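You will see two complexes here that share subunit A, one where it goes with subunit B and one where it goes with subunit C.
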Partner chain A sequence: MDGGKVTLGRTAGLYAGAAVLRLALFTLFPGLPELLTGRVEISTPVTSFKRLQEGLFLYNHNVSPYDGGVYHQAPLFLPLFSLLPSFASWPIFTYLLYIAVDLLGAAALGKIADSGEAGSSALFQSPRREKRWSGFVIAAVFLFNPFTIATCIGRSTSVFTTCAILHAIAKAVSGAPFSAMVALSFGAYLSMYPLLLLPPLLLLCYDRQRPERAMPSGLRFAATNVCVVVSVLGVLFPMSYLITGSWEFLPATYGVQLTLSDLTPNIGLWWYFFIEMFDSFRSFFLAVFWLHLSCYVGGLTIRIRRQPLVVLTLLLGIFAIFKPYPSISDSSLFLALVPLYRHVFPLMRYTFVIAAIIIYTTFLGPAFYHLWIYAGSGNANFFYAITLVWGLGQSLLVCDLTFAVLRDEWEVERPEMVGKEIRQI
Partner chain B sequence: MAARRPLAKGATPDVDSPKSTPPISAVPAPNPPETVSTTRKQPPVEKPSDIRRRTWVILSFWLIVVCLGLPIWWETTTIYRANLPLTEMLEWSDGKACRPVFPLRISIQANALHEQEAQNLLRLTQHALDDLNDFSGHHLRLQLSPPTVEHAPREDGGTALTIRLIPGEATTSTLDPYAPILDITYPPNSIPSPTSSSSSLATYVASQLRSTFAEEQAIISYLLSSDSVPSDHRPQGLTPEAAESLSKRTTRSLKYAPTYHLTFSLFTSGPLPSSWDIEAAIDEYMKPVLDVLSPIHNFTIDTQVQLYATPGVQNQVLTKEDLSSFINAAEWPLSPSIGGAPTINFIVFVGNQTILTAPMENTETETYHTSQSWLIPQWGTVYLLPLPADTTQVSAETLKQPLLTFTSHLLSLTGTPQSGSLPLRLSTLARIRSADLLLRASSTLGSLARLALALPSISIPERVADGVSKTMTHLRQACDNLGGADGLAHARVAEAEAERAFFEKSMVGQLYFPDEHKIAVYIPLLGPIGIPLLMGLLNEVKAWRKRKRERAEKEAKKKE
Partner chain C sequence: MRQLLSFLLLLFVSLCRASSSPSSPDAPDYHEQLVLRPLPLSSLLASFNFRTNITLSAFEAHNFRYFPRSLAQILQHAGTRELHLRFSLGRWDAESWGARPWDGAREGGTGVELWAWLEADTDQEADQKWRTLTNALSGLFCASLNFIDGTRTTRPVTSFQPEGNLPNSKLANTHLLYGVLPHEVVCTENLTPFLKLLPCKGKAGIATLLDGHKLFDASWQSMAIDVRPVCPADGECVLQMEQTIDMVLDIERSKRPRDNPIPRPPPGHELKCDTSKSYHSDDTCFPAEYNADQDWSISQIFGRTMKGTCPLADPSVPSVCLQIPDSRSVYTSDGTTENKNPDKLSRCFDITPSSDFELWLPLPSSPSAPEVVTPDTPLLYAERSFTGHGQERGGMQTILRNPSPTSPVEFIYMESLPWFMRIYLHTIQARIEGNASVPSSSLIHEVYYRPAVDRARATQLEVRMRIPPRSTVFLTYDFEKSILRYTEYPPDANRGFDVAAAVITILGEGRKRYALRTTSLLCSLPTPDFSMPYNVIIFTSTAIALAFGGMFNILVRRFVAADEGPEMTLTTVKGRLAGLAARLRGGRA
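And now, the complex of A and B:
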């Protein structure tokens, strides 16, 4: 599997295979898309396709899509989906759009993998970098990951964010900071949290500048790119204003994520907590949770300054655990980036436990949700317990990957310690 | 794929890592840097860049905590307490802010008397009244109305009663049943001379007035005495028996509400009668009373017919004990309350049962028809209506007696006093109700003030402060116009505002949130975050001080 000549034909075959698999699932099992759209593991209040349709209906009838408090997604989705032929009569176009977005993301991921950034960044070269997977394999792992497929079939709009983030990273790796910033701005516009990826992405862009256009001053480089992000957002927001006719979309989309006003269960850790929270402490703990989510950005960026792509990967893992409305789509993005670190896999210590936990929760989560909601023989604690375990599994993976990457760096400094047991103090 | 090797090797994947990392294994291990011999136990000295990096990492976390976390903590957990005028609120509830005074103006119409004589009579009567009165809260102020020829006295709101002095054979008095007028006839010789200091006519008028207002005075003094009015204006002379009967009456009447819902129900144990002319009957017999009550209450009305309704007690003759279980609450559709307004139920039960009234129990509610109807305190009335078996339609005429009973019971249920003519009873009702609302609003204010004092950690939103200030404005106006028409309106608003302020949603939730809960909230949630942060900072500070000391020692050595 490692290495191997990747021809254009094989890549095309891979994409065609992924597309055909998805199309087959869409068409051969007509009930499947609706079933998956209704699953809380896939559709959160801020990404659900059902809610998108509700917003679309209101929008097409000249009612503000945010009336009724169901639709919490970015306004620019509305003209995009209105351009497609109606979903009710021609669902195939929507399917094709989602498949295309998945394939675009995979293409970006393949580029990231082929650049070799994971093993040898501008400031650090891993001694193990030779042992890696090609972009073909990594794209295949992404495309045939059941989580990715389920997200695509469930038509969660988070696939657009995933695609934007992957493209931002791909552009940054290939030395196109401007495009990277534009892609990140789109991600931030769609889901807000990708904005937190800006610091490591800036560093990645800075490290991978093309020599002919390099900007040596880090501060100037950062300022320029932050200006790009601000101006792109400065275009997107007025456009949204023009589309919906009011600034109502700001509280309805970002406000909902910030205040967690929709407490629909999901696989994250927030909803249960804020159901139980005393009202007078609610706003304080909202702030604590958001600060907790964002405080890793600075620390990780500084600590693993030499490998910004690692920081991006770890942050995506952290977001998949601690976001207000996470879904398996976020996990699939994190799991798509993890194989880039094939070279440090031998340094990881808990791979078996992690794999076991993720498989265990994948099966038990839906079962407990069924017990709680449909069978009525369980309660909310059943499902929440499983989401805790799911979070535990992912955080183990994040920790283990961090450990492996740091150990890899450390062994370069201390070659005499290679292969020795270490003890954390 | 990826995980296979580590999985197979279990927890010691590093064993074969040299195989996968040829560049490192190529480095000759037995050629160690000079530190190695000493670092068999001790790790090598950290590079300054690593130390600096760690400082930055710790700083980055602490910057977020200090720059964002602390302000947010302060902002979101400070308790907003709107300023409440606590002392004034307590004054209201202690009755110090308002001395409930009911100045009733009584005008005397004496067309047959000269101005001078009339003035003199008025002065003497006022003296006599003041001598008789022992309750300063309830004033009767006499005034002379300009002589008018017309029979009808001027309808002006300020006057509670008009006395018409008419020359006649003997000293008699009659209360006009339709207007607040007391007709007093007097023999011509009883007009006091300008010089006399007492007059039998004046005394007579005074005692008549006093007896007319005796009930109102008793009720008001009862209200004031049951509330926390300080003893100096607490009225004297309320006998325990009087107080008991008043308290009985108060418990019978419903709590004041601006709107009452009247439900008229026809229950019959068989299939007949199936309809009744209730609308016509209400218009005919009850509407007039509802109209005169309208300044004080609004009424909404609905009616229903229920066939095959079995009462809770099937006896032919109902005893007093049966009455309480007669209503078949489980099966009869008598909803407790429709909308926000309290419901008053009027039930006509078609059947030939009768109520056994022992002579001793004749002091029950009614003065007449004791055998056919009874009043259920704060709930309504049941009337037993015997009808021929084949009646299909109950005519309005048949309903006359039940409705008249209902009407009189309605007055009693709304708390109208029992003596005097109807107009007088109603104006008295308005005054009683305003006093009642005033006292209730004041005591709610007092409770709110005591609550705010007792729980220093409860937040007081701006809305509550608004409500309190509105309440106090209206209370002040109500207090100033207690005897007048506006008094009731203001008291009504004041009471509603006070209730709204007291039952503010965000405050009710905090009533049972003691400070100990805060520890329970903070420690488990913030402990796991706080301990690593604190330990990191402490270690960093310790290391920094150690480095400083070492540097100082080094420099000291150099100097030597």
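And now, the complex of A and C:
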């Protein structure tokens, strides 16, 4: 009882601290939000706040924001931000909204951590599960991660997707499949790629059903929940149609992600590849890249069937590397979920290399971008090289985490192998 | 009876023909005129104007006479009601040269500009006809007009009004399309087809003075072709074609002999010195003011004399006029009569049709007499430039100054920007200086905006503004420079991309409009490394293969202890190879 109270107070203090830090950054450094909004590492064509403002301006002046090449974000943002007092005169409300979304995400993350799902799922109990961080620590790591703070200050709209995904997972863990599906549908509506998380999320919901209303048939359960997703999207899309008055938003938001028509640099691997791609092969490689991105879903879901949360984490890591317009916001979501696997950290082999690569690219990326765009003493290859290293570093982390989790599973069968050298054949 | 009737009909028709014949002396259908106007700072504005009229019925009947058949057939084929084509080069220096000739109506921005009213029922049909028109004109004028595609075409809403009299019934289904090629270099190959359209083909009359070497060496030049239907209050509608060339020549530069065009320092005795300086002596010279002492002749400026007049031109319109104060004297070749205008600021010359014409303007007789006619102050000064640095984003700033001490000026500012400049309209701002009583928010009255679509459509921005007297307004907005596919860059990618001139249409009293254009700009976009397509494909694919391969290995392979499972050592490999070799041998035996 007493301990619970202290924890509550500590959690409130953590959220207050995170909120005050963000508010201080917003207000004490008035140039910082604009600076971060302009960074390609934070704002992509599909999440940029400046583009959102342009879309809002056009929307409020009765010009279709989708009849142009600037605005590629979901239509529901338009009425949402129109309801807020104007950003030009009352920026504080926008700041508070972004801070609240971050805190909501952190709260969901805290719930996921406290459920202990990472160490002991319905089908698998890790022998190391006792060694874990509390929801407080995990939420703190998320809230004080510089990437998360930068995303929030840069007011990238990907924070809404992050929040939706975290809530979907949190609801799934706490045995509320309907809410989880609704949250996931919102995520998918905002940025499309979360739809790929549906299979592992279904499994997680299935494993974590409340016994009193459990559906024993897996197929029926899956069909019901897919119907939920389809019907939520079936409400959201006509709503968007009513807001914008046409279906133009579909090609402008999802079409741009599918065809990569906007080649603005970002930290991903797509932009430079498709700048340099020969025209006749463009469609082929677009298909290959999307196929590659989605092929992990099946493999991981089947191979790590016993731990669906691991699959979700790994998929988010893979999306942060290989999606068309990734930003550090996606990496911050992945890095927020990684500490849940505190118990398998000792099994990871390349932690130092990974940490070194992430720090190295974090500092060198902006420097090389400056050399290319502003100083003119470097060319596009400088920034491209850093995005390659960043991608490789993150994929190393994903692979290493997979290895650690699988070895943890294997050691349940072979308890005598703990601490021994192993290999894969 | 029937024969009689047909005879009468024939008679009637021929009578009608005779009365409406365009060659009748009271309806002259071609005239040409050259107006020379010395400008301050040792410059000379030469305005050539050629005008042809053809009745609409003759036009429909393919009876073209002086109207160029090649152009007429293009206009008919593309359903063009009104056409305006401009080839321009250089910058009009409004600070020293004052207001523009023809109120700016006969000039274009740097490069090629084309706008036309096309007759079409739908937008698609208009686009189709526009494509036909640009492609045909491209061939006719040896210019890259065929590159005016969807990404360079806009449909201005308020900036342009038809100059001719389109009947209202027809105006309803005409479409205005506007295309601009700021990158196009205007040169001799555009002048030759231009002269070919003239009835005298540049062999006689004022057109003989048009020489590519001089025209394209000018500080500013603009070639214009305007075709418009004109319906006089009495009489039949005519299709009027006007060809105009305006050029501002630097007198010093033009007087350089053609066989010795390299500028060299003049010898000491030819230096013009300011003798009023206290230190002036035989071996010390302070150069006299640049624009002092203009003296020139037509053959010096244009490199040749004028060959009589065009025999087809209307003799009642004087071929050559000179706008200088009456106090200055002018010498001309024999047989020419000089008619001074009553305004004492210009004079015209009646020229002998068959002999060469030469005009020589000596130095002013007294140093105090005015040398040139003081140019009018323009209604508005406009300057446009980029702000910011780097290849990621930038800003556009236009400085608009109303010099008038009393009257405000109302105008429409139009930009047609390429799609790869993504403008942020929410950042558009007008800031006023010099007139504190007017709030900045009341400057912009109306904005018409059509955003660009990547690789399909250009941005179109029209802003109606009103600037109070004696004040300066800064119109600014931000834009982002997008990065393109490597095949979309021109060969000289790092030179930058030309951005077309902004068109400013000043709304005068009634329907009167004045136009001016800013200079074009050069926007540098970020460039990829053009030598790298294979390397990038290989590197990125390797990164993906590493990630995929790593994951695949971890997911599908079994875990075993380091000392379990089959060992893959050098000995086993050797053994396997030996076994394979033995099997191969055995198979052969």
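List of remarks:
One rule holds for everything that comes next: the second predicted complex is superposed on the first by the 419 of 425 C-alpha atoms of A that agree within 3 Å, B and C clash if a C-alpha of one lies under 4 Å from a C-alpha of the other, contacts with A are read in each partner's own complex, and residues count from 1 in each chain.
What we mean here is this: a contact is a pair of C-beta atoms (placed from the backbone, for glycine too) under 8 Å apart; a residue touches a chain by one contact, two chains touch by 3 or more.
Quick caveat, the model's predicted, so the values are computed rather than measured.
After superposition on subunit A, the partners subunit B and subunit C are seen to clash. Of the two partner chains placed around the shared chain by superposition, subunit C is the only one that A:D262 touches, whereas subunit B remains out of contact. After overlaying the two complexes on the shared chain, residue contacts for A:V70 are found with subunit C alone; subunit B is out of touch.
In the superposition on chain A, contact of A:A287 is made with subunit B only, not with subunit C.
In the superposed model, A:N381 lies in contact with subunit C only, and not with subunit B. In the superposition on chain A, A:A12 makes contact with neither subunit B nor subunit C.
Once chain A of one complex is fitted onto chain A of the other, the partner contacts of A:D279 extend to both subunit B and subunit C.
In the superposition on chain A, A:V20 makes contact with neither subunit B nor subunit C. By the touch criterion stated above, A:K131 is placed in contact with subunit B alone, subunit C being left untouched. Of the two partners, subunit B and subunit C, it is C that touches more residues of subunit A. By the document's definition of touching, of the two partners only subunit B reaches A:G298; subunit C does not. Counting contacts as defined above, subunit A residues 278-279, 292, 299, 303, 414, 420-421 meet subunit B in one complex and subunit C in the other.
The residues of subunit B lying in touch with subunit A in their complex are 1-3, 5-7, 10-18, 20-21, 23-25, 27, 29, 32, 36, 44, 53, 56-57, 60-61, 63-65, 68-69, 72-73, 76-77, 459, 506, 509-510, 513, 517, 521, 525-526, 529. Residues 389-393, 419, 422, 424-426, 449-455, 482-487, 526-529, 532-533, 536-537, 539-540, 543-544, 546-548, 550-562, 565-566 of subunit C touch subunit A in their complex.
Interface residues of subunit A, counted against subunit B in their complex, comprise 1, 127-128, 131, 278-281, 283-285, 287-288, 291-292, 294-295, 298-299, 302-303, 305, 339, 342, 345-349, 351-352, 355, 411, 414-416, 418-421.
On the subunit A side of its complex with subunit C, the touching residues are 38, 40, 50, 53-54, 56-58, 63, 67-70, 261-265, 269, 271-279, 292, 296, 299-300, 303, 318, 321-322, 372-374, 379-381, 384, 388, 391-392, 395-396, 398-399, 402-403, 406-407, 410, 414, 417, 420-425.
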